[in-house]
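Comments concern the structure below.
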Amino acid sequence: MPGHSYETGRLNLPFVGIATFGKAPYVQDWDAIDADVAILGAPFDSGCQYRPGARFGPRAVREASTLFSFGHAGAYDHEDDATYLGEDVRIADLGDADIIHTKTEESHAGIEYGVKKILEAGALPVVIGGDHSVNIPCINAFAQDCARNGPLHLVQIDAHLDFVDTRKGVTIGHGNPMRRAIEKDYVCGMTQLGIRNVSSTAREGYEDARARGSDILSVRQVRKLGADAVLERIPEGARYYVTIDIDAFCPSIAPGTGTPSHGGFLYYDVLELLQGLSKRGDVAGIDLVEVAPAYDPTESTQILAAQLLLNFIGFIFHNRR
Amino acid sequence: MPGHSYETGRLNLPFVGIATFGKAPYVQDWDAIDADVAILGAPFDSGCQYRPGARFGPRAVREASTLFSFGHAGAYDHEDDATYLGEDVRIADLGDADIIHTKTEESHAGIEYGVKKILEAGALPVVIGGDHSVNIPCINAFAQDCARNGPLHLVQIDAHLDFVDTRKGVTIGHGNPMRRAIEKDYVCGMTQLGIRNVSSTAREGYEDARARGSDILSVRQVRKLGADAVLERIPEGARYYVTIDIDAFCPSIAPGTGTPSHGGFLYYDVLELLQGLSKRGDVAGIDLVEVAPAYDPTESTQILAAQLLLNFIGFIFHNRR
Amino acid sequence: MPGHSYETGRLNLPFVGIATFGKAPYVQDWDAIDADVAILGAPFDSGCQYRPGARFGPRAVREASTLFSFGHAGAYDHEDDATYLGEDVRIADLGDADIIHTKTEESHAGIEYGVKKILEAGALPVVIGGDHSVNIPCINAFAQDCARNGPLHLVQIDAHLDFVDTRKGVTIGHGNPMRRAIEKDYVCGMTQLGIRNVSSTAREGYEDARARGSDILSVRQVRKLGADAVLERIPEGARYYVTIDIDAFCPSIAPGTGTPSHGGFLYYDVLELLQGLSKRGDVAGIDLVEVAPAYDPTESTQILAAQLLLNFIGFIFHNRR
Amino acid sequence: MPGHSYETGRLNLPFVGIATFGKAPYVQDWDAIDADVAILGAPFDSGCQYRPGARFGPRAVREASTLFSFGHAGAYDHEDDATYLGEDVRIADLGDADIIHTKTEESHAGIEYGVKKILEAGALPVVIGGDHSVNIPCINAFAQDCARNGPLHLVQIDAHLDFVDTRKGVTIGHGNPMRRAIEKDYVCGMTQLGIRNVSSTAREGYEDARARGSDILSVRQVRKLGADAVLERIPEGARYYVTIDIDAFCPSIAPGTGTPSHGGFLYYDVLELLQGLSKRGDVAGIDLVEVAPAYDPTESTQILAAQLLLNFIGFIFHNRR
Amino acid sequence: MPGHSYETGRLNLPFVGIATFGKAPYVQDWDAIDADVAILGAPFDSGCQYRPGARFGPRAVREASTLFSFGHAGAYDHEDDATYLGEDVRIADLGDADIIHTKTEESHAGIEYGVKKILEAGALPVVIGGDHSVNIPCINAFAQDCARNGPLHLVQIDAHLDFVDTRKGVTIGHGNPMRRAIEKDYVCGMTQLGIRNVSSTAREGYEDARARGSDILSVRQVRKLGADAVLERIPEGARYYVTIDIDAFCPSIAPGTGTPSHGGFLYYDVLELLQGLSKRGDVAGIDLVEVAPAYDPTESTQILAAQLLLNFIGFIFHNRR
Amino acid sequence: MPGHSYETGRLNLPFVGIATFGKAPYVQDWDAIDADVAILGAPFDSGCQYRPGARFGPRAVREASTLFSFGHAGAYDHEDDATYLGEDVRIADLGDADIIHTKTEESHAGIEYGVKKILEAGALPVVIGGDHSVNIPCINAFAQDCARNGPLHLVQIDAHLDFVDTRKGVTIGHGNPMRRAIEKDYVCGMTQLGIRNVSSTAREGYEDARARGSDILSVRQVRKLGADAVLERIPEGARYYVTIDIDAFCPSIAPGTGTPSHGGFLYYDVLELLQGLSKRGDVAGIDLVEVAPAYDPTESTQILAAQLLLNFIGFIFHNRR
């Protein structure tokens, strides 16, 4: 259906057509993934502690992503004088992991299964949550990949430390993922950016994180240092796994989330970190979580998520060349 | 603080004050419940299969209930020429059952604990969900009570049959409660009203329900029969447990719910059934579930729930005298 | 600017142009009203007891009314095979009465002033509230008119009786207007339709109203009787003042109001009463109150109000001929 | 990916996965349509005269349709004791017609092209608008099909007559489709149901429609007659094209539309007409238009559209057997 | 009606009265414009490529403007120690240009007609869109004016370059206006500020714009330079036409627009540019476009537009003296 | 019910339980206040001049505050390496002052009564409005307290000067509080921060304020000076009364308010001023006003208010030690 030029093919305006991520092909056969980037939805939100609804994050981000997919020849950025996401970057949308209501472990297993399939196919996994607990199966899925390709340095963009070990028996909720990740022998370091305010993580969690080598910076600290100095603190040439909790951002641009926290990042704060990171080493995996569209009738939150992901993917493949 | 007349006490307009149910006293010590009716919130929504958010049902229904609590001398109804909910009906608001994210069984246990405490105190339990899975611990909590006081006949007001036995290992989600209830030896019968349209329950579930003696009527069938004839089909003089899924109602008045279904009941369809039921036997327990306020910016859904509950409680105690 | 035919003049689609009521001329000089019908906004809402916002009722109803004003040659109704609101019915929009925040009496005085000006000009006053307390100055304004033209029979369409005499010193809030009206010697009777449920009016208010000759009917009673039988109970050939509280309607079609009450009227329930009334006697004044648009993002409430008023005005002048 | 039973395949909850209509396969190659029913989005809304936004109708209806697609073995309806939409009814989702902003004729041409492709493939076209002007290219597309298979009787469910010939040069806006349709020699009759209130069609349009043999019934007239008597007025055994404007329904259940009109149909009013029609003759084409989701934050409107379409398709194929 | 002091005249609170722009007089006779500034609504949005609804921009901006119109003696700004918009600045609100649905050229012609009338009357035209395509007829209207008074330098505040020549035959959509403008011989230069991110304009468009002498700066570039340095790049003493697309702003303060783009301007970024521009030369025309209120329930977007326009008009006439 | 550790007590997730401020104990007997901080709701909004709804501010802020109350051992802030609000800071929630509709003076009297009770009990009063007029009774209530403990220096965080003396007889609306405060002999100075744009206060008001010694700074002026320099201008070691109008903030994070004004403070702008103030002297009273939740479906506004108040209270008691 899609043509190669506006005049002979379809105009394909943003609002037209099935909402896959970036209007990329929908690949239902996970044994036949042939792409550079594979999008997987992880619509699980029973790990959240305040406002639910991140289960509709994948659909919302997909729909918003169509706003940025109407160029036929890649996305030209006049500030960088560069064209991103040309036809050589092949994106596939796998749809969503299967989710089982009332069952957290089984739902997480479905997500882990999908990420493993992507890694086996040699594509970059980009997982759209769901709440932040979906990061747990994402990291779990990397065990074999890391055995082959080396460990991961985690870069977390988030308002909350998410470093609770266990509380009332809960170990795999959305307050636990960073604590679970640091336990992996294939996670060799952690940078936690944007952390601020009161959070579900108590003093002990911060001490634990620091003791395990995590580098924790608040929004104000990131801004005071500047993007370059922050990037300097992240090991160069490493394999990065980037987990972006949309609540890292100021509620002014990302109100559609479960546990908003004022004083967050604005757009370029994070974009410049991601662009720098894409130049500093290899991005091996991405998740973006906690978009809960029911709380944002303006749709700004999902537009932010889509805009950020498309730019970040563009940077990664531009710098890989 | 509250006075007994407007002139010497507070005017206490609906929007003024802490939002307990009907502005009833907030009783935090569950070993000291001294009331005729006890309200318990059950803010669990990980059992739902489409739009979550019923965890905010209890707070929303409480806030809406304040609209109907500004009379100092009970609620006069000119159609019945009766005053309901005078000072002799003592309502207590217990707050909410404790909920553990990621854990369904543990959350259900917290609800069961609360309902047991109410039954032990001899009060009428009125549970506000949460999704319909919270009915499961509510019914569980009645084991001992029924051993003493006799079995329950369940009256379900709902769009969906909720009669799935097990699917992908799920047995305690919001599609399962009626199937779980019928398994109890202290549940002696079931009337299911408002059931319509495509639902998560397959043909087998319907056959199973009918085989176990359930009386299933759609909205159109209820209307065609009329309230009196429907009531005739319910055993007289029994102990009723009434479970009201707000999606029994037409989305026109109850859009704030997880799995809306068009063609539902209007207000008096249900009110007249509840009023009739309060005259026909003893109402031993009530739950009202699936109010998800994020989907109804008009607040009509929670106002409906509050209006219905306050009237139903009024009818029950009016007819008990 | 406006032309007389689509081809030579403007198409004037509903969304085009300044939002006066029905796109009628805006008349700012109240000493020069030359019209059959005069619209006056009364944006006062400090008399309300729950959700405020009816101060934006006039603007919302005006904007909604433009949806129904795109015919150039009156409004053809195929059921009646009649064309209403042809060019012979001259409507003027006077803008709003002046309102003084923190001051109820002074604000009411501004409304009374405007209605008097309309009556002096011989036009039919149609007042858009504002909360129901604005009915008080509307009725006050009729003193001289009634001295000349005879007393009024009040027809109230409402969920609430609004018959509180005084409470905590409040006598002119939105729970008091009908009590204030009945005190006038130029109000000779009252029909109160749609009254239901718990309300701010206690038993004493109902008894008082009945003692003073009011005819009170609930929604169910009106439906059981049918429009014709209800109309029969209203004195024939009288001068009617019609006060329509939008909460008389079911929240399904009128959620944008301060104190919603389930079980209300649907559209034709009321339309047929108003059409019948327009044939039964002379309508001397109208107010429509309690449209609070902030609570209805669908805009259905103000569309209902506008549709109802335009039809009612159409009926009145059609039957006057 | 999809399995044939819940235990071995995916649970596939409604909120999981890419939102095609009913989670049907997405068929991008319009030269390879192999299905009984083909869904085509027609996201054009520049023909509308008040609130735009129906361009997002196709996506909204698709997303809502996933709520009704979680049964693996068809949809059991206990009132009919029938299972609809079993695996023998093959639905394909073709995505959307290409739309060209600022250009009405070119956009209509894209829609006509898609419908022709469906007809050539022998599938039932189900077009989701878009505003009602998209009916024009739908009907145009039938020229060849009707030459082969006989003419169409149009059944319109709508609040508005849409029978304007031309106004200010506009002939293909959303007020014109029925006038355009009746001009076709392969349109042999027309039944217009739900027509009410003031509308863009003036008296002349009604007279024109009646003169051309149209049968026009209002909501009240339809209800008074009853579904069976209405169906009797429609030629038996004909080929029907059904065009459903969502504003035929009461704004209480369908507020998300461009030109709402109070006093509309409720769910079963229309469902029973459609079910009856599916038994009375052959349904050759369907469009459902004017769902504008931005005006309905509750999502009830698109849920109604999806529920109606899925049931109607179910009835058609159930009765074809 | 309006008095000259609060004590003898009306208090005229913001929410009171017909919503013309700034509560300025409504002038319907476009042959009798006697004002310094004339407001014209251009409610056309069929040129937009994603979310429509800017047709309600003029009404929304007018209503929001009333918030800033409650001073009787101009608007005092304590930072500048100046009073703007005193009685010597005469604003007239002309209502809206006539719009023809389905027809882009005819609708644009209506806008061009209105702007010409304003220019003929010697007033400053301030056009409120509508989508950005309405800039095309605005610029067209200046042909004669520029023949008399000299050419225009365009200053565009926007997220998008809008420099598409033609695509699929579209030349007058909201992606084309700057390309159309630069073709005019009376447009002598162009400054494009705020341009960022992926856009409908491809690399070729940027190259074309630069080749034609356009000065393109992103938000980050503007901020790095500072307002003064940016102003230095704009020819001094020229006649400026300023076109403001509300999506130039960050979605945090302007979510109500069709194609939001994160990373935009904040309030003072733009206000200081406008204030500087008003001192640097003569502002001959203004349009503000793309306010789509349905996407912003907080109303912040239209409040921003109104606040910006009123301040800008104030600056212009303050500096003209 | 609440336990002292997660394992033996309740998990008590944010969304669980009755919404008192910070889930603090609800103290209904105002003669038995035993706390360090006492929260009083002042749900009065008839003093406002544009969008009402601040009467629901207290409930909204309470509900939002529960998001920040899920730590059992105080709130750890990693930037300060400090734990705030440990168990030694005893907060009590008194519910709301009684409000009388239609009556401003009587409603203000109810607020004054509550604040006096708090001061008599030796607790810090924290009043949640309601519109800014509720500051008037708050300041009135301090007469006796100041006679004992010395005068107050007022620190106002606001967009508007609120310094109108009288207008159309209005002296106690939301435009008057600062003028009323400066008249008190126990108010010894005033710092007004964030003041910007057109406002209800005319030039005379500014001159009056400055003449009475007020220090007025705009948002841009505060930012240019920096928090430390601003704090230097405030008398050291004084007793501060802090009044925070939520419209001081940018509408991007606080759209839910009656009279929004673009260009406002962001979160850390104000937080750092409050933290500095808590170190510079004694905070004797606080009010936070103008949160109108109906205008912010994202709930960001009330989350901001709650987050700000909890942090500010934390700072005060941390620095008191």
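Going in written order, the chains are labelled A, B, C, D, E and F, and every chain counts its residues from 1.
Methods note: a contact is a pair of C-beta atoms (placed from the backbone, for glycine too) under 8 Å apart; a residue touches a chain by one contact, two chains touch by 3 or more.
Which protein is which chain? UniProt says A, B, C, D, E, F = Agmatinase.
These numbers come from a predicted model, not from an experiment.
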| item | value |
| --- | --- |
| Shared interface partners, meaning chains that touch chain D and chain F | A, B, C, E |
| Superposition of chain C upon chain E: rotation angle, C-alpha, nearest 5 degrees | 180 |
| B-D against C-F, pair bridged by the larger set of C-beta contacts | B-D |
| Most distant chain from chain C, judged by the mean position of its C-alpha atoms | A |
| Chain A-chain F separation of Cα centroids, rounded to whole Å | 38 |
| Centre-to-centre distance between chain C and chain A (centres being mean Cα positions), rounded to whole Å | 54 |
| Cα-centroid distance, chain D relative to chain E, in whole angstrom | 40 |
| Multi-chain contact residues (two or more partners), chain E | 11, 13, 15, 49, 51, 55-56, 100-101, 168, 170, 250, 252-253, 295, 297 |
| Chain contact topology (line, ring, star, complete or other) | other |
| Pairs of chains satisfying the touch condition | A-B, A-D, A-E, A-F, B-C, B-D, B-F, C-D, C-E, C-F, D-E, E-F |
| Touching residues on chain B, where the partner in the complex is chain C | 6-7, 11, 13-15, 67-68, 70-71, 73, 75-79, 83-84, 250, 252-253, 266-268, 271, 297-300, 303-304, 307-308, 310-311 |
| For the chain D and chain A complex, residues of the former touching the latter | 1, 10-13, 15-20, 26, 28-30, 41, 43, 55-56, 59, 62-63, 93, 95-101, 297 |
| List of chain D residues in touch with chain E within their complex | 45-49, 51-53, 55-56, 100-104, 106, 133, 168-170, 172-174, 294-295 |
| Contact set on chain B toward chain D in their complex | 49-51, 161, 167-168, 170, 195-203, 206, 216, 218, 220-221, 250-253, 255-256, 259-263, 295-297 |
